[in-house]
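Each of the next two complexes has chain A plus one other chain: chain B in the first, chain C in the second.
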Partner chain A sequence: MTMMRGVCAAGLAAILTTGAAGVVAAADAPKRGGTLTYVIPADGPPSFDGHRETTFATVHATAPFYSVLIRINPNDPGSTTDFVCDLCTQMPKPTDDGKTWTFKIRQDVKWHDGSPLTAYDVATSWQYVVRPPEGMTSARASYFVMVDKVEAPDASTVVFRLKFATDAFLPGLADPFAYVYKKDILEKDPHWYEKNIMGSGPFKFASYDVGQSVKGVRNDDYYRKGQPYLDGIVGLFAPKQAVRVDAMRADRASLEFRGLPPSARDQLVKELGDKLTVQTSDWNCGNLITINHKKKPFDDVRVRRALALAIDQWNGAPALAKIANVHTVGGVVFPGSPLAAKKEELQKLTGFWPDINKSRAEAKRLLKEAGVEGMSFELVNRNIDQPYKFVGTWVIDEWSKVGLKVNQRVVPTGPWYEAMRGGTFDVVVEANCQGVVNPLMDVGKYLPHAVYTENYGQYEDQKEIDIYNAMIRETDFAKQRALIRQFETHVLDTEAHAIQVLWWSRIIPARSYVKGWKISPSHFVNQDLANVWLDK
Partner chain B sequence: MSPSDTTLPISAIDDDAPETRRSILERSLLFCRRQPLGTFGLALCIVMLIAGLGAEWLAPYSPTANDFSAMTEPPSWAHLLGTDQFGRDLLSRIIYGARTALIVGFSCAIVGGFVGLVLGVGSAYFGGRIDAWLQRVFDVLMAFPLIIMALAVVAIFGTGVQNVIVAITVPLVPRCARVVRSSALSIREVPYVDAARACGFGHVRIIMRHMVPNVMAPFLILITAFVGQAILAEASLSYLGLGVQEPVAAWGLMLQGGAEEYASTAPWIAVFPGLAIALTVFGISLYGDALRDVLDPKMRDR
Partner chain C sequence: MYRYIINRLVLVIPTLVGAAALVFALMRLIPGDICVVRLASGGGTFNAHAVAVCHAEVGLDQSVPVQFVNFVIGLFRFDFGPSMWSGKPVSEEILARLPISLEVALLATVIAVLIAIPLGTISALKQNSWTDVVVRTVAIAGIATPSFWLGILVILAILDITQAISGTPWMPPIDYVSLWDDPIRNLSIVICPAVTVGYRYSAVTMRMTRSAMLEVLREDYIRTARAKGLIEKLVVNRHALKNALLPVVTLIGIEFAFLIGGLVVTEQVFNLNGIGRLFVLAVQNQDYTLTQALVMLTVVVFVLCNLIVDVLYAWLDPRIRYA
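For the complex of A and B:
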């Protein structure tokens, strides 16, 4: 079964990751030297601490300075199952019925301050990720509910002891935010890494200018001999898309790693021709509409279902794909995963019916039955064009077709989070963006706030939690898949807790001389840039 | 007083006297003949007014309805000004956008102008500490350019039509008050105001009956200028993503959606809303200039 899933995933990866330009051809020998300048579509990272943050602004600015325990194969980042060692010496086989994972740590790794990196550093870093001490935040602690202990019995061994065996563990371990920090620094000041950078990655931190750039230089002591190929890296912060496109057009920057919309790609391709290459992939990010269950009339499941039924996802997806970086209709699981719902399964769920007229007639009936025909409400949205504002404009028009009057309030990221965390919204456009494709953990976004702190629907649902707990403990693929369908039906249909709208499409145009970097379904993955080189 | 002293004023009055007795139509025709550019500006303003007030009847399509079968279509018979990235008819959005511009422009100009009038005349009439304090507050407010001040207000109150109106109105108040005050200061010293005081009239009566009517000429000219400024500021705020929000039709917002991403592939998305803004502000400026020429005796004599 595992093999079948592997083959399945490899096939999918091959299909998903297209546009081979920019890929290192077998005959191409990497050239050393040069500085890669890339743009980061943000003002700057909220902090440098990968354990605490969830944004690409942090990972794009800091990943080149750090090492991780394991990672997705940088030469096959489209894969959802191809994990390789970074700091470990070889991928282990679990023992104790899948509950004990023992990793041997490389002994040739040095911190950028010259001191040796040991298993104690790795174990302490993971202890902070899995169960952060009082006063510390780990954005991914909930991904590791299965972990009982992380130990370092000696300087070259790290052992993870699990409470129960689960397929979700290994992908979780490859999280690109799980930087390995120095034990001494963490123990002296756990907040040190929020404002400072000191790792063991391919590049050494050189400088950071607030709102301007982050710079790094080659780490000559890097443990992968010959890498990195570049002399240095410069990440330029540029939140405005027009600025980023202009920078690429004028060759002041070579690429950006998050993703540009189709219109920007077309414009660059038209102007730069063969000086530009484009890689595309399905993206492990999707927008969802979160409904505040504590606000009337959204406490009524009929109203929530009506909101979902009004949206024509099947016709919306191909049209919006022309103007925004959204692409695929899907359920709660990344559409590229073997655990994702097939089209015929999806079409049975509320909001995915193939006949939109029937769907909207049902929406109107439900609204009438709930006594809220023609109601007005406010949709809070994030002040980011791609694709938030496009999705917001689209769903407002869809809702108007069942008589709903919706006023959109677009706010910057800070107030957007405030509205969600404070529960001061009716309905909000948000996104579920994950790193390594790990459906069992990625669907955690739909769990009640008590279990998953980044859920803002303001509801409690023990039945949902029970299905989830059964799901993450199930190791048989077919049974696991059936449980995910049950979870999906419960969340999107029976309770209509949220509306999963379109999954995104990742489009990375890059200057053709940039080689070695390959696209993945996540904009968090494969960002240490050790294997990138410039063919100039 | 010698006869020669009275000749010139009598002659001036004679020149003006027939105008006051002319019908509105005659006066309008005279305005058109004497102020062709102002007339052109007024015509542009009237077109905008008609579009804004009659949008429901004039617009061929709903301004918010997406049509995915007609995305980024160039101008054609079906869509005279083309469509935007959501397939929405640009002509319909421009017509409805005139309504947004009207609401914002006139609300800001009237509210900002009225508050400025009250504060400006009051400041001049009472003088002393009240005047000194108000002027210092105005100094502070006027130290910020209009758009910067509006940005700050939007940052505090948030986006949306009502908040945009507040954001633009606040910086207009001191601008109006300052001009009105300077006119009112000279009126405060004229004998009939002293006479009114001597007769024991109250402050409100003196201000409303004797001072306000005499500052109406510069005030009206200011109001027309404010309408144009407010429309421009609203467009700027919306362009920056801080004004009116989608899917409401507003010219600045349309420009924002089209200028960055579609300037080269579908230029009509940015060109037509840009033209609408430019023509409206141009029209209001021309009309305001003409109004000044008509209402300001010094200009009229030239």
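For the complex of A and C:
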């Protein structure tokens, strides 16, 4: 139940699609036909190119048109380890001590232009993801530091040769943005896919109205016989939450796939009753409080620890969950992962002690010892309500309980990044938001700037890097888990480089006639919509 | 008159260059980097190389003076280049949105004029009567009520009323279709924002009409017209209203120009993909080329509206000559 939590809003009727309810739904025979209209909470994607972009707006608008090599099981997307083939025929076992992965590619796959898809297309696409050519960017190239070569020895085989064996590879390979593109097109114009769509997915691209909608129609040649069930899909861009909620109420749209806050869920449940189902999950996104080590007195580990000790996460979580998209107390690893810290392990770490009075007394002692009792500083935050501003306001209140006076400065995204990258902040509310749960890669955010350029804590820490290097190369689960605990203890407790605060909660209300789609811990995952059908 | 119009149009050039220089400088004073915002927008990872490639793509690898020269050259060629965010030509981005904003602005103006001028006139003619009090109350409420809030209320009211009547809530479509493709659907989409904006617009115009009418009705020539036995309808329509409309026309012109790019929140409330929403997006994403082009568009719209107002002045008041 960690992954799939039911919600009951204000005692009002709502069908809660939990793991158990999913079994019931699976017993229903899918119906064919109909058009699914969903809202995308954005103004539109910057481009259609999944390799290049990082925003959900791209994946929600374009994933139904593409295939990927492997993916999280669409029938079990809540799992963090259930990887299945999309274009491959069978999930392979690695050879060469875990350094060679050979995938056989389906031979019944056609591009939407009617030509056959081959392993050469798959290999070329992955070469662009792993090591983009000059003048191109790949948003997730850093996930594939372990990849040495991607080859296609023949039209039905793709081989990934790794520099070292690692458990981070397979989750990385299931990246939902790693669309397979046609080799001929890529080689002719590597930028073609930024403005055009041509894939092999369950839906064929029909039209795109800038900032309005994206439309697709069923691909009758789709390689999974019988799928997709829908005749078509329409994604409507609607950045304003009130519009999306009203649209669902009036059945102008059936659902949105990113996630709504608890208040919107409660409103829809109240208005629609049993015409609505609500799926919830922990989200592979969490806020963290990044402390600028180059600013005094935050170079003093006692001060950083005091900031963590002042925050009552265990009591804060259930209260904040009523109003914000946060839910679960966790460490550096997504709470649903087998590699995540258990509660008793977490409670030993700074900032997670079960006795908040003892914790705050220690915080006050440390601040006094560091000579900064009652100090003032500024918390920079991003001007996004959910959940940034809620979390920022909450931690300021928590800090006030140990005598700290904190001023919150809320800024737009551009200046927020500028402050972090320029190191001009004292303390900042950040988020670590990832796709497929890949703990070994997801914790990269905590690595010093020398290794991970988007760490803004302004510190260097060779010991942390050494633990990480051992961790990423360890393939024995028990040893790997022990190393992650060591890493977590070092980052959150010993050095208190950052404060991991609450993990987000993903809430997806949908019209109850929408069937087949299941929530996952990421808003990027399970978006090809091949298994969605309408019970109308 | 023609010479005046040509002079005014020529004066547009330094105005545009001044506005261009200002917006160019202001945009670059805002902290942030479009490439960072774009590469990190989804929580992904990126590195200095990716930022450098992006800078080269969008032209931020060039020095600021070179960027400015390119911008000014583009301005004179009516070519603002591609949007730094989407890579699409700026003209394409704007043209996709302009019809929506234009339609709402026109409709709102028609609604405002139809409400404001008759009510403002009646209010002035029946000064201090209960009719005047009602009209003034409606006008003050219109000014005091933000359009976006009214918009939210309108949508909620439609949802609740339709649910109460039919059991199923209804709201206008949230995906725009052109007037030429489906007029009924188009009207159902734009009517609510037009009424919402038109109400505030009419409130301002109504008050202006009333005060202008009150002033004109006290003029000697009105007294003379009445003294010579002219019927009241002619006094009001031909002599009073026509002269009172001078400041009203100015107001309508300014308001219309404002509506083209200023319906920021209203467009969001009604999910209209118009120029206002694009403006916010462009500034938010620090898309310099798009923001610059939008500012230029706004300047041109204001200049043209002012020009049209000036021409209307001459028609309304023959004493005004521009030669």
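Everything that follows uses one rule, which is that the second predicted complex is superposed on the first by the 506 of 536 C-alpha atoms of A that agree within 3 Å, B and C clash if a C-alpha of one lies under 4 Å from a C-alpha of the other, contacts with A are read in each partner's own complex, and residues count from 1 in each chain.
The definition used in the following text is that a contact is a pair of C-beta atoms (placed from the backbone, for glycine too) under 8 Å apart; a residue touches a chain by one contact, two chains touch by 3 or more.
Computed from a predicted model, the values in this text were never measured in an experiment.
Once chain A of one complex is fitted onto chain A of the other, the partner contacts of A:323 are limited to chain B, with no touch recorded for chain C.
When the two structures are aligned on the shared chain, A:512 is found in touch with neither chain B nor chain C. More residues of chain A lie in contact with C than with the other chain of the pair chain B and chain C. Within the superposed three-chain model, A:102 lies out of touch with both chain B and chain C [touch as defined at top]. When the two structures are aligned on the shared chain, A:157 is found in touch with neither chain B nor chain C. Of the two partner chains placed by superposition, A:494 touches none, neither chain B nor chain C.
By the touch criterion defined above, A:400 reaches chain B but does not reach chain C. In the superposed pair of complexes, A:247 makes contact with chain C only, with no contact to chain B. After overlaying the two complexes on the shared chain, residue contacts for A:73 are found with neither chain B nor chain C.
Overlap of the chain B and chain C interfaces on chain A: residues 240, 242, 415. Within the complex formed with chain C, the residues of chain A that make contact are 39, 43-44, 46-47, 53-56, 58, 135-143, 194-195, 209-213, 234, 236-240, 242-243, 246-247, 249-253, 271, 285, 412-419, 421, 431-434, 444, 452-454, 524. Within the complex formed with chain A, the chain C residues making contact are 30-34, 36-50, 53-54, 56-57, 85-88, 92-93, 96-97, 152, 155-156, 159, 168-171, 173-176, 268-271, 273, 277-278, 281, 284-286. Listed in rising order, the residues of chain A touching chain B in the complex are 240-242, 261, 263-264, 266-267, 270, 315-316, 319, 322-323, 383, 389, 392-394, 396-397, 400, 407-411, 415. Residues of chain B that touch chain A in their complex: 64-66, 68, 71-72, 85-87, 158-160, 241, 245-247, 260-262, 264-265.
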